[in-house]
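The structure under discussion is supplied below as structure tokens; questions concerning it will follow.
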Amino acid sequence: MTTLLSTQGLSRSFGGIVAVNDLNLQINKGIITGLIGPNGAGKTTSFNCITGLDSPTGGRVFFNDRDITGFSPPRINRLGIARTFQNLRLFRDMTVFENVMVARHHTSSFSTLLSLLRINDEEKKIQIAAGHWLERLGLWTHRDERAQDLPYGLQKRLELARAMATEPTLLFLDEPAAGLNRTETEQLMTTLRDFRDEGLSIVIIEHDMHLIMNVCEQITVLNFGQMIGQGTPKQVRTNPLVIEAYLGKDDHATR
Amino acid sequence: MIRKLTYSFFCIFLVLLLVSCKKQEVTLNIGFSGPMTGDSANYGKLMSQAVQIAIDERNELGGIGGQIKLRMIAEDDEGKVDKANLAIEKLINVDHIVGLVGAVFSSCSLAIAPKCEQAQVVMISPSSTHKLLTSLGKYIFRNVLSDESQAKVFAKYVKEKLGYSKIAILNLKNDYSQGLADDFKTQFESDGGKIIAMESGLQGDKDFKTQLTKLWAKQPEAIFIPGYVNEMAQILQQAKDMGIKTHWLAADGFSNPEIFDLAGDLANGVIFSNSPDESSLGNAKKKEFEAKYLKRFKQKPDSFSLNSYDAANILMDAMQFVYNEASPDDQRSANLNPAKIRNYVADLEDYQGVSGKITFLSNRDVLKNVGIFQADHKEFVQQGIYLIKDGQLLEVVE
Amino acid sequence: MLQHLLNGFTVGSIYALVALGYTLVYGVLKFINFAHGDVLMIGTYIALIVFNFLRTFIEPSIAFIIAILAGMASSALLAVLIERVAYRPLRHAPRLAPLLSAIGLSVILSNTAALIFGTKSQRFEMPFNNTPIHWGNLVVTPYQGLILLTSLTMMVLLHFFIKMTRTGKAMRAVSEKPMVAQLMGIDTDRIIRFTFILGSALGAVAGILVSLDYKVYPTLGSLIGLKAFIAAVIGGIGNISGAMLGGILLGVLETYGVAVLGIPVGYKDSVAFVLLIIILLWRPSGILGSNKREKI
Amino acid sequence: MISLVLLIGIYFGIYALLALGQNLITGMTGLLSLCQAAFMAIGAYTTAIILTSHHPLPLAELIVIVVFMGSLFGAMIGLPTLRLKGDYLAIASLGFGEIVKNVLLNADKFTGGPMGITHIPSVQLGRILISPYDKSVYLIFVWGFVGVILWGLFRLQRSRFGRALEAIREDEVAASSLGLNTTLYKVVAFMIGAAISALAGMLWAIYNGSVIPQSFDFMLSIMVLCMVVLGGLGNYFAALVGTMVIVIISELPRLLGFSVLIPAQLDQILFGLILVILMIYRPEGLLGRPVSKRNS
């Protein structure tokens, strides 16, 4: 199992509060890794530090053994890391099709400037690629609707399609199942498994234990910005530290 | 709903456009263009009122040739170039003005001069002192003392009559004040005087303490402050606050009576150049005009208003002259030959106006005597009238 | 040297007073009240008329106090009227709509003043003799003393008012999260109206103080307005002490910059703008501005 | 009367160019910048200096240099300020505009200082003489520019570059995490907007025959923003409508001849009133934002 992304002593503090404390994360290639922990455990903050939207106060981030600490978000994305957001950040006024097409711009911004002169075949390629991901996630029929007009479940899927359209090798998902009903979550799980089988490595922050336990091969548990457990779903479920963090101290009497 | 709104807007606009084209009864229109709103609204108001008095006086005498009434069309150019262009466009093509008094600011005059030239409308600016103005066309005149002549005479007077040789200058960064300062400096230094320090401020500035401190450090005998009343009042006030005691020299901008309201008795003793009061030379017109102006508008006219009054009268005299020579049907339809009007104005010699004796030079600038005044308790006391003839400062005496 | 500092402080405290008006309104409504300068101009004119009227038969300094109160009252009244007519309907409009409305109002107010009070700039007589007092080589005029004293007291009072009183806390709540403030039972309209009153009254005081030294004329509002607005932004728009700091800093640097740093006078205004840009690049929301983090 | 309408048409065209530039920067990319007047001044002064120099360049080369200077200053002003957001960017750009005006006022050797530059000659387009005296030709010349720029901006709006700008306006964080180098796009948008305004400055200088620093003040930038907001942000056609409304209203009294009957202040008050009323009834602008375009 080769490590795709790792952090060494990653830490981020806001004034006095330490959100992420000396985190050594290990994300392996080709599998789905879960990142769980109670609210405020520093999950999203570490996400942001890794994907460049926030700059860590300490520690390094390595991707394919290359130090990418402090890179700008566009640069990190071009290396093959894509992400979604906890609270949807779609281009609300633009159509579904446009939302995904924006993700295809990164081929080279210079050629985007060229596109000013004439709609060259680049544009065709973009539309085809965007169309592919829309179809893949069943959004093709909604392509000309405005993003904000879609129902919540479809908006979540659009954000996923948009992230996938940047052709990542590693995908970070921030609570992808939040607000989804049972069937939508099941669909999401099959989609993620398909992507993984096609070689995509995925990291999911999620509170839906059913999804985590059934999709992830590896799980890392954070609490108060520190890693308190790592391993397969079975190992993590029986790890006393994890139980204590989630269910509180066991007061012996009820053992 | 939006479509309706935009289309309705178009229709109103077109209808009103046609309405305003109807012909009025035959009148001869004189245009005025100047800032009627914004920071310098007061200048536009004072000057347009002077033109109004001139036209009303002429209409009381029956107008041109005893039949044709005169009308003043005043347009607001807000002191801005694009508005001045729009104003002159309307005055020439809609109101068909025969002559223009204006514009007030050099920047506007420079912009509209080519348009007046092409439309053969005689333009007399009562206040724009930019050097290159009259070179923009044969129809472009000015009857304000140009910076050059005023500064030359005043510089010689200060050197020869007042005997100062170490002067400091505090001027504003605008075409009027900058021109006066530069011309004063060249003339004064060519006569052997020394300008020991030169500082400048911005028009509309409130605080001159910093410049005054620098100038005062050089211990000048006198300080020359060409500019407009608001800024000059500030300078005098702040100099007093800083305990600076010196002689103050200024230019025709100081002649605005507002200076006494703004600076109070601080204005006393200031010596400045201005268009002369030639009542001592038998020209009672100025006093008479000032009394009439005060009675009607409850404000005393400034030197630019005097020039405006003269400019209007010169234009009307030209019209009267051309009217007399015109053919009967030209007279009935009041169509006067613009070239003839221009020639009359160009050949004007020793015209006795309220702003002094006026002669237009070949380059359409004005040759005027320069009055030297001293402000004393709400009055401007004339010290003498001077002229430069082939390099010599001469006092003009009755 | 000290002289320039003193001049700077005087000019600065006037900018600060007017800046407070901008910051208060911006804090609550999140938009730049362009008409603020003109509202204080109208208040100054009213004060001038009251002062010239009363001066004839009662002691000038008392007449001056009454004139200031009259000026503050009229500015506040005008501000409430404007807020009710022009700004309330735009409360939930796109962000730039109230900006246009404010510009329209500014044009209306300055031209109405020109119509009613005439275009001539009038002089506001000093109610006390302004003989400068000499401390060593420092020249202090009672007028400068008056400015420093009034602006200091105004700022301190306002500071405590905002921090301590109930309305003050309500104002801060409304400026932070209007929706939540409403849920907590705060009548946001009343608070917004009160903020306008407070800001305009302070502005009127500044307008009157300024016109004692400069003059009263219809376009008085626009120049002071721009400089004070820059001061409000430098200090951190929406932050009370920020406005005070920004005003003083701008005033001092403007006079100091020209005199001591030898910046040619023609560039005096640029000093204010260069300072503004440097500060914004260093602290994107002003010195004391709350650096609201973008919630990702 | 016709030639007055033609002249209004010419100024309408020049202001339309400014509005189109502003709409690209503010309407499409969401950058609230208030320094169109500065870019216009750059264009006007570049034209004035080149045409009055002893070897004036032909029109084609002049246009290239004006566009180059405009985009150069667009980058110089854009780069430092683009990290700022919302009102802070507005103020910083306003500041830059004033600095440019101040430099023009004081750099006497090149710009003629307060005297400005006069005697700017007319230009030759092939055989046709473009001069302020032949208004119909000048009108076609100006609107030729507007047409070309409008066509270019429509193409841009539908191109990938335009889509990127819209994405940045909608949510810059999301756009950057999708691989878009948002700073580069914003600077390029700023440069194009600046170049368009510089062209407007060129047309202005040739028509007026003279340029002075005072006419490029910050009120002009604010007026341009009003035109875009009045028409409807983000919609190029609406920017033209907004410009037309403002140009027509400010010229209505003169156009209908009653500018002679009523005092000039009333014209300005009328202008202010219409602005306030329009904002109350159409806060999102006369034509509002374009409904999402179908993507063929």
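Read from first to last, the chains carry the letters A, B, C and D; within each, the first residue is number 1.
Rule of thumb we're sticking to: contacts are C-beta pairs under 8 Å (C-beta built on N, C-alpha and C of every residue); 3 or more make two chains touch, one makes a residue touch a chain.
The structure presented is a predicted model; accordingly, all values stated were derived computationally and were not measured.
Across the two candidate interfaces, B-C and C-D, the one carrying more C-beta contacts is C-D. Taking the mean of each chain's C-alpha atoms as its centre, the chain lying closest to the overall protein C-alpha centroid is D. The centroid of the Cα atoms in chain B and the matching centroid in chain C are 37 Å apart. Look at where the CA atoms of chain A average out and do the same for chain B: the two points lie 74 Å apart. One finds 49 Å separating the Cα centroids of chain A and chain C. Per-chain CA centroids place chain C at a distance of 31 Å from chain D. In chain A, the positions touching at least two other chains are 53, 85. Residue numbers of chain B whose C-beta contacts span two or more other chains: 37, 41, 173, 202.
Residue positions of chain D touching 2 or more other chains: 105-106, 173, 263, 265, 268. Residue ranges on chain D touching chain C, taken from their complex, read 32, 80-81, 83-85, 87-88, 90-92, 94-96, 98-99, 102-103, 105-106, 173, 218, 222, 225-226, 229-230, 233, 263, 265-266, 268-269, 271-276, 278-280, 283-285. Residues 152, 155-156, 159-161, 163-164, 166-167, 170-171, 173-182, 184-185, 188, 289, 292, 294-295 of chain D touch chain A in their complex. Within the complex formed with chain D, the chain C residues making contact are 26, 32, 86, 89-90, 93-94, 96-101, 103-108, 110-112, 114-115, 226, 229-230, 233, 237, 264, 266-267, 269-270, 272-274, 276-277, 280-281, 284-286, 294, 296.
Looking at the complex, you find that chain D touches chain B at residues 1-5, 7-8, 11, 105-106, 113-116, 118-119, 132-133, 204, 207-210, 212, 214-215, 241, 245, 248, 251-252, 254-257, 259-260, 263-265, 267-268, 286-288. Listing the residues of chain B that touch chain C in their complex gives 37-39, 41-42, 45, 173, 199-202, 204-207, 209-211, 213-214, 230, 233-234, 237, 241-243, 258, 261-262, 264, 299.
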